[in-house]
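Next come two complexes, and both contain chain A; in the first it sits with chain B, in the second with chain C.
And then the complex of A and B:
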């Protein structure tokens, strides 16, 4: 095997420009595959972290008639807080409308216990406010409603009996979160105030659960762990990953096609050499192995060349991050304005293996022809 | 207690009594007026051909329809114009509402949150359209003033909900003293914030009653000109086939 490698390196270095071009194309695929996957992994980690910190906590305990994905369940989707549910953060959702600059916008009033610390939403600001009707909103709602900190806006809602009520709310803070679910069309208010203005005293739609939550069964309330709440997000990212694999699949295919082409050309042009190897005592199998190794060595060289420019690039990206255009951040999924790639060992080794194995396979396929060559004709240099 | 103090107390009590009697009288008179308005505005049956003018930011939309009502519970409306809405049918039976769309050939029942949606982009919600209970049944009325509104002598009446669960806790109505027809109505939230305003105009005599032929509904919190509701033709107490108030009517 050592001989095959020695000969392979010698032959490849002899080929100069052809080897350089093949190696460059393959190394480019290497770097792109690792980079694109690391961005997706970075997004995955960041989105999960943000969703847990801003929205899910360690899970939700949801009233059975409430479906967070169905706004039509908000009206009936709340119930009295059970007595033995101390320590959880209750959230009550209530439909309302705001009228910024004379436009009517549908919003969800989210009443939350302002003493909570389980979510990063800055509810403590509500406690400190001296306004009569203080609320906080996210940057997305602030942007779409053209509202600024300190602005006052009319709010209209219906109480528990269905009678309209209205008042002027004051935006006392605008928080910046990557999780659009807690931001788009959501207004956060002290749950006690929401109970008072709607007459839905001591009611909640769901609870944010802490890690010490005893998962005992509560009638009419269903527990959803953070893993099950994150399922949709993970599925979405996996789907995106699958979509993106088409791009690097195409890149890899181009690089492999170049290797395949080179191999075919080598076997066609180097028939005298092949005949000499066999005449000197090499078996056909050994010659096939030599040519296959030559092809595989492209991937090893590509790995080395890719590392020369890839590693500094990866380090730079890990530090500065990958900026996401503002338009993409409005997709409705947890997406930061900058994504920091994550280079996992699994990702790096799986990419190396994929490229080496696929390069070996495409090198082997044309090399099989050697086994069928007539060594005498090959030695004479007659094309077969 | 000296004589002066006693006199003050007697004066105060007699003031309270006269105020109470005045309030009672005002309330009784208001109730009678409301009942007369109800008599004017409601009939056993009504067939109305109307145009709804929805004012947008740039242009206005006109939606023409014909509605058949029986009492206050049952209503059937068929949209005639524009082409896009033509054939859309709406049936209200009691507190249930169905909409038939010819483009999908499907009937859907609106309930809960859907009833709060705007009717074809207007300032009216389905719920506003559905609330047809007589004012005298659901509000306590009081006359709070006499005014001249658009050169017409009017009573200004305040209505406070006496039934729980009404959309509007308080209404103020300007009522034509001679025709017993509302000329303006303001609808208030529980907090006292004015939410909607309706103006009634072009009052015409139809058979034995006076009826406003043009109404403008305006969501006061929203900018814009609101929604006009213009009655092109109306007839009261005419025979309407029974099948108009059955779900079978909701077909192509």
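And then the complex of A and C:
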């Protein structure tokens, strides 16, 4: 096998331009495959991290009548907070409307224990505020409602008895999070304030779990671990990944087609050479192997060439990140403005293996023909 | 040097299928060739010279008859054994040189040895010696496209000789060379034949070659028409 590799390298270096072209195309697919996947993995990791830090904590403990995905459950979806909370952060969701510039906008008031530190939402600001009705919102709501820091806006809600009430709230801070779920249409206030204005004293819709908690103390609450909460996100990203694999599948197919084509052509044109190999004492199977190895060597060269321009590119991308156009950010999952690619060993090795194996296969398919070649005709250069 | 029979042909026939029917090219050849002979198969175009050489060189199989080369029955050799026979014991020289274009002169000559189990040093010594025989040591690192026809054929001789084979088959080796180069090559081969005892079997219809041969086998219509031996 060593001999076949030696000869293959020599043959490929001898056929300069064709080799260069094939190697470049193949190396390009190497780099693109690794890059696209690393972006997806980077996004995946970033989205998971952000979702945990901003929304999920270690999980949610949700009142059994509450389904955060079903807005009709919000009215009844809360219950008295059990006595021993140790470490759980209560959140009460309540339907309301705001009237920015005279428009009516439906929002969810999210009352949260402002002493919490389990989520990154800067609730401590609410504590320091001297405003009579301070709230904080995220940048997405701020943008869609055209609200700025310090703005006041009219808020209307129903209390526990169903009576409408209204007041003016002050946006004391706008936080910047990658997680749309806690931002779009959400207004964060002190849970005490929410209890007070609604009369839903000591009620919560769900808790953010930090560490362990005593399940037995919460018979009417269902626990969703962060893993199960992340499942939706994972599914979405996996879907995106599948969509992308089409792109690089196509790219790889083009590169492999180029190799396949080169192989067919070269077996056709190198008849005399094949005959000479056999006359010099190679078996036809050895020649088949030689031509097959030539194809695999393309992928090895592509790996080398790809790393020459790919590695600096990867490093640069890891440092500067990959900017996501704003249009893509409206997808409803956590997506940062800039994604930092993550290059996993598994990704790199599986890509290398895929390319090398597929290049070897497409080289072998045409090379098989050599085993049936008549060496006498091959030596005469007769096309067989 | 003790003479021994290295090629023995008995009622050798070869048919090629042409348009669905068997077309006989060799029609019963009987020949016996000894070690250290310097001989040629002479015949007009299409008389079957190349076919005969290819069968002796185990590149082709006879249709019928016995072909014994270096104590091997060609008909019963499998691919691997035939390849090994060629690799170790038979050198080929072709009309159009058939050098491998991407390899240097050195690498072309070295090729057959790469298929054997020799050390780098052994290979290098053998290649340089072979290049010395043909006077091309200073061209070792050139690619074939930088060589003249005469030089190319000398590389081919070195390539055939590098493994010190018992037998060299040369199919019209002078057909693409001018007179001066043809004579130079023939002298080189004759010298190698004398010094190393290698058997050279030519196919030719070149007058220049005739003068060097110790034995001429005339082939016509697929049979041996005449077999002339001279004292060498």
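Here is the rule we use: the second predicted complex is superposed on the first by the 378 of 384 C-alpha atoms of A that agree within 3 Å, B and C clash if a C-alpha of one lies under 4 Å from a C-alpha of the other, contacts with A are read in each partner's own complex, and residues count from 1 in each chain.
Just so it is clear, contacts are C-beta pairs under 8 Å (C-beta built on N, C-alpha and C of every residue); 3 or more make two chains touch, one makes a residue touch a chain.
Because the structure is a prediction, the values reported are computed rather than measured.
Novice: Could you look at A:346 and tell me whether it touches chain B, chain C, both or neither (first, second, both, neither)?
Specialist: Neither chain B nor chain C is touched by A:346.
Novice: Please work out whether A:15 is in contact with chain B alone, chain C alone, both, or neither, and reply first, second, both or neither.
Specialist: Second partner only.
Novice: Scan A:162 for contacts with chain B and chain C and give back first, second, both or neither.
Specialist: First partner only, chain B.
Novice: Regarding the shared-chain residue A:72, is it in contact with chain B (first), chain C (second), both, or neither?
Specialist: It touches chain B, and chain C stays clear.
Novice: Tell me the contact category for A:222 with respect to chain B and chain C: first, second, both or neither.
Specialist: Once the two structures are laid over each other on A, A:222 reaches no partner at all.
Novice: Under the stated touch criterion, which partner chain does A:269 make contact with: chain B (first), chain C (second), both, or neither?
Specialist: It touches nothing on chain B or chain C.
Novice: When the two structures are overlaid on chain A, which partner does A:285 contact: first (chain B), second (chain C), both, or neither?
Specialist: Touch partner of A:285: chain C, not chain B.
Novice: Which residues of chain A touch chain C once you look at their complex with the stated criterion?
Specialist: Interface residues on the chain A side: 3, 6-7, 10-11, 13-15, 272-273, 275-276, 278-286, 375-376, 379.
Novice: Can you list the residues on chain B that touch chain A in the complex?
Specialist: Residue positions touching the partner: 112-114, 116, 161, 164-169, 187, 189-191, 193, 195, 219, 221-224.
Novice: Note which residues of chain A are touching chain B in the complex, please.
Specialist: Touch residues, chain A against chain B: 71-72, 74-76, 95, 99, 101-104, 154, 156, 158-159, 161-167.
Novice: Where on chain C does chain A make contact in their complex?
Specialist: Touch list, chain C to chain A: 51, 54, 57, 59-60, 79-80, 83-84, 86-88, 92, 94, 96, 98, 100-103, 107, 111-112, 114-115, 159.
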